Amino acid sequence: KAREVLDHGFVRVIDYMGDDAAICQAARVSYGKGTKSVQNDEGLIRYLMRHWHSTPFEMCEVKLHVKLPVFVARQWIRHRTANVNEYSARYSILDREFYIPRAEDLAAQSVINNQGRGETLTGEEAERVLRYLKDDAGRAYDHYEEMISDEGQQGLARELARMNLPANIYTQWYWKVDLHNLFHFLRLRADSHAQYEIRVYADAICEMVKDWVPAAYGAFEDYRMGGANLSGRQL
Amino acid sequence: KAREVLDHGFVRVIDYMGDDAAICQAARVSYGKGTKSVQNDEGLIRYLMRHWHSTPFEMCEVKLHVKLPVFVARQWIRHRTANVNEYSARYSILDREFYIPRAEDLAAQSVINNQGRGETLTGEEAERVLRYLKDDAGRAYDHYEEMISDEGQQGLARELARMNLPANIYTQWYWKVDLHNLFHFLRLRADSHAQYEIRVYADAICEMVKDWVPAAYGAFEDYRMGGANLSGRQL
Amino acid sequence: KAREVLDHGFVRVIDYMGDDAAICQAARVSYGKGTKSVQNDEGLIRYLMRHWHSTPFEMCEVKLHVKLPVFVARQWIRHRTANVNEYSARYSILDREFYIPRAEDLAAQSVINNQGRGETLTGEEAERVLRYLKDDAGRAYDHYEEMISDEGQQGLARELARMNLPANIYTQWYWKVDLHNLFHFLRLRADSHAQYEIRVYADAICEMVKDWVPAAYGAFEDYRMGGANLSGRQL
Amino acid sequence: KAREVLDHGFVRVIDYMGDDAAICQAARVSYGKGTKSVQNDEGLIRYLMRHWHSTPFEMCEVKLHVKLPVFVARQWIRHRTANVNEYSARYSILDREFYIPRAEDLAAQSVINNQGRGETLTGEEAERVLRYLKDDAGRAYDHYEEMISDEGQQGLARELARMNLPANIYTQWYWKVDLHNLFHFLRLRADSHAQYEIRVYADAICEMVKDWVPAAYGAFEDYRMGGANLSGRQL
């Protein structure tokens, strides 16, 4: 049921409320009687998406369990219209699990886009990067364990020791969001401007949403992901 | 399944997500392993409520269908942390249904509380009030119908005609909210400072929530509804 | 300073925070050093708008005092990302002020758009509509006053008496919102699909925003108001 | 103007809107005429705070510039009712600045509170912890610099290289919030259950708020910080 993402991550649906029919049911509250026959569900959903009638999409809700590197979590959490419960590194001990990119994902800084990637690193440079990432993470975790250990010493508070750990360590959370705001998240994070490591999570969620609400997902794909925004000047 | 409220209103559960166990499940994400045995569910829920750890309660969600007078809707909609789809009086024709208080709910203005009620009206005064409310609503609705009629005339736009209708006309909506914000709503609206006509809706929802998440509701009742807030000076 | 809207309404700026420069200042926090020379302010603002980088626009805030008919207030309040304090009809007595459309705004129901207007009403029909609106409002208000009067009687609670009043009575509020969400409001409410009576408020606010943040307003106008959204299929 | 916090952090007010008088002005909108003489400002503010009438406090807004360690930022950002622009580690190069606790802040894990601190570490243990924190941060940063360097190599993308950096590195952001939600933040983060390193930021902000809105801060301190919540059972 869980979809694996990156080297140790995953996305898993815990629960959901509503479906394509629930979107239409809510939209039809607005229209009252006398409009029974308006449109079939898919047509209505496409109409709502096209005209930015977003509130009926808020009537669906999904709760995910996600395991993800901290630097991805830092981007993700910026989406405020969600409910979150994260693993506490004050309360509990983090696992020794770090995101180490695959060779083909070790990208150079883009020379044209300050916020992007260019070619894949190769040869010695790639090797050195991987060695640094692995060694530094390993050492940081060894020291984390040593610092919190209470054998023969007091043991540093976990909330302090964890600050030694790098941003590629994995965390996890429950994340619950409505479908409108999930689409907004997906539009921004399944987009080519988003960092690859969050994009793969967004892509995995896209697959799940496609199964869950196929008509809504189709409309989203057509009007938001595949669409274009022209300015008045361009028109 | 629907609970009747006031003379023509109701509250009905359309769907929900999560339960007492889901609150605990989310809270336990934070605590990780090594804390399995902490507490039973009810103890944990009471702990969360007592310490204002509100995010696990956001992991439950409920969707209601509500029929309510417009003046109640105007108070209710001020709660922004919810998702709403309301019947459109631009699109559709409103029904001839008005809230007319029962004799015992016809209260005088409080003489001590500017925002409250005092004794029940009696005798001629009560009769006159009821007559005004009924007659004015009836006449306004007759004119509403006449204005929008397209028989022998163009027919006024519905979005304009509805402005003739008084605030005790009924509307309806789908209203979806998470449990933390529902509790916040209930604390404010099942409270004695709230207007009677919204309080009866809050009371009906309290009954539903008690059935749905008994442990969470119990903790809410004890710490929020029944509790007291003392200031530093008072202590 | 206040702009008059409709027959008794207005919009007035109470206070604001930030300006075009504040948007850029916030956006440049992200870019750190080494990007000083990127772009001039207007170019940067257009870039942010084009790419839906909305958070820098949230760094500006405006507080308005608005007087508006209740049926307009009911549409307006649906925008949840704002802060509101409204005149209390439980606490205070409403004024005898009703929105009565000008002759040229008395529109017939559209025959092609269920949620819209068609031609202007004329002749006797128009006269009858105006008479109904004026008379019903006047009578409702007379009865309101009579019911709450405490001369020679107890006097009905204001919170109950107000339910006799029609939706074209005026209310007022303070409304505070950030610029990003204000643009969202304006996109939806200065749009031709919005009801005329809220559109004139949105138009008045547009003028104010143009004075306040000319570069941001220009970008908004070009990319949001004047722009178009093409679907993937259309492309 | 900026208040220094921890070893390299600070909090600085960029802008604000409103003051104690603005809270009262908004609250008085609700009360309309006939209630001019109700109360002086401080009395009104204390009344609003006591009765959880929170919306008038939303009428004040403040914008801060904050420099803070990443692990503190991760707790802070969980407060969703704010506007944020953070320094981008995809776009820009992070500075070599790490939070290293003072000797007296090197606390052991609490033995009674899973999410808290106990005694201060001493002797060799304290020294070793400081050595680890400093050395690991230094080495991680050296490798970060090496990896992104484009001298004689392609240079790893900054968005990837930064994942090698530990959670005590400093970041910065603009953070804008209304006074009601700021009080909510302060109640949770100036509290003894909050981690020391975020508490010192909350404390610094408390001082600023006290200067800015003394009456509101006084009420907050008395009813929220100094107050107590009793359950029904306790009563």
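The chains carry the letters A, B, C and D, assigned in the order they are written, with residues numbered from 1 in each.
Note that contacts are C-beta pairs under 8 Å (C-beta built on N, C-alpha and C of every residue); 3 or more make two chains touch, one makes a residue touch a chain.
Just so it is clear, the structure is predicted and the values come from calculations on it, not from any experiment.
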| item | value |
| --- | --- |
| Numbering shared by both copies at the subunit B-subunit A contact, with half separating same from different | same |
| Chain pair showing more contacts of the two, A-D and A-C | A-D |
| CA centroid of subunit A to CA centroid of subunit C, Å | 35 |
| Centroid distance [mean C-alpha coordinates] between subunit D and subunit A, Å | 25 |
| Of all residues in subunit B, the ones touching two or more other chains | 31, 35, 84, 88, 91, 114 |
| Residues of subunit D that touch subunit C when the two form their complex | 15-18, 22, 25-27, 29-35, 55-56, 58-59, 61, 63, 65, 83-88, 91-93, 172-174, 176, 178 |
| Subunit A residues within the subunit D interface of the complex | 69-71, 73-74, 77-78, 80-81, 84, 88, 90-92, 99, 101, 106-110, 114-119, 121, 125, 128-129, 132-133, 136-137, 139-140, 143, 146-148, 150, 153-160, 162-168, 195 |
| Residue ranges of subunit B touching subunit D (in the complex, touch as defined) | 31, 35, 50-52, 114, 188, 193, 221-223, 225-235 |
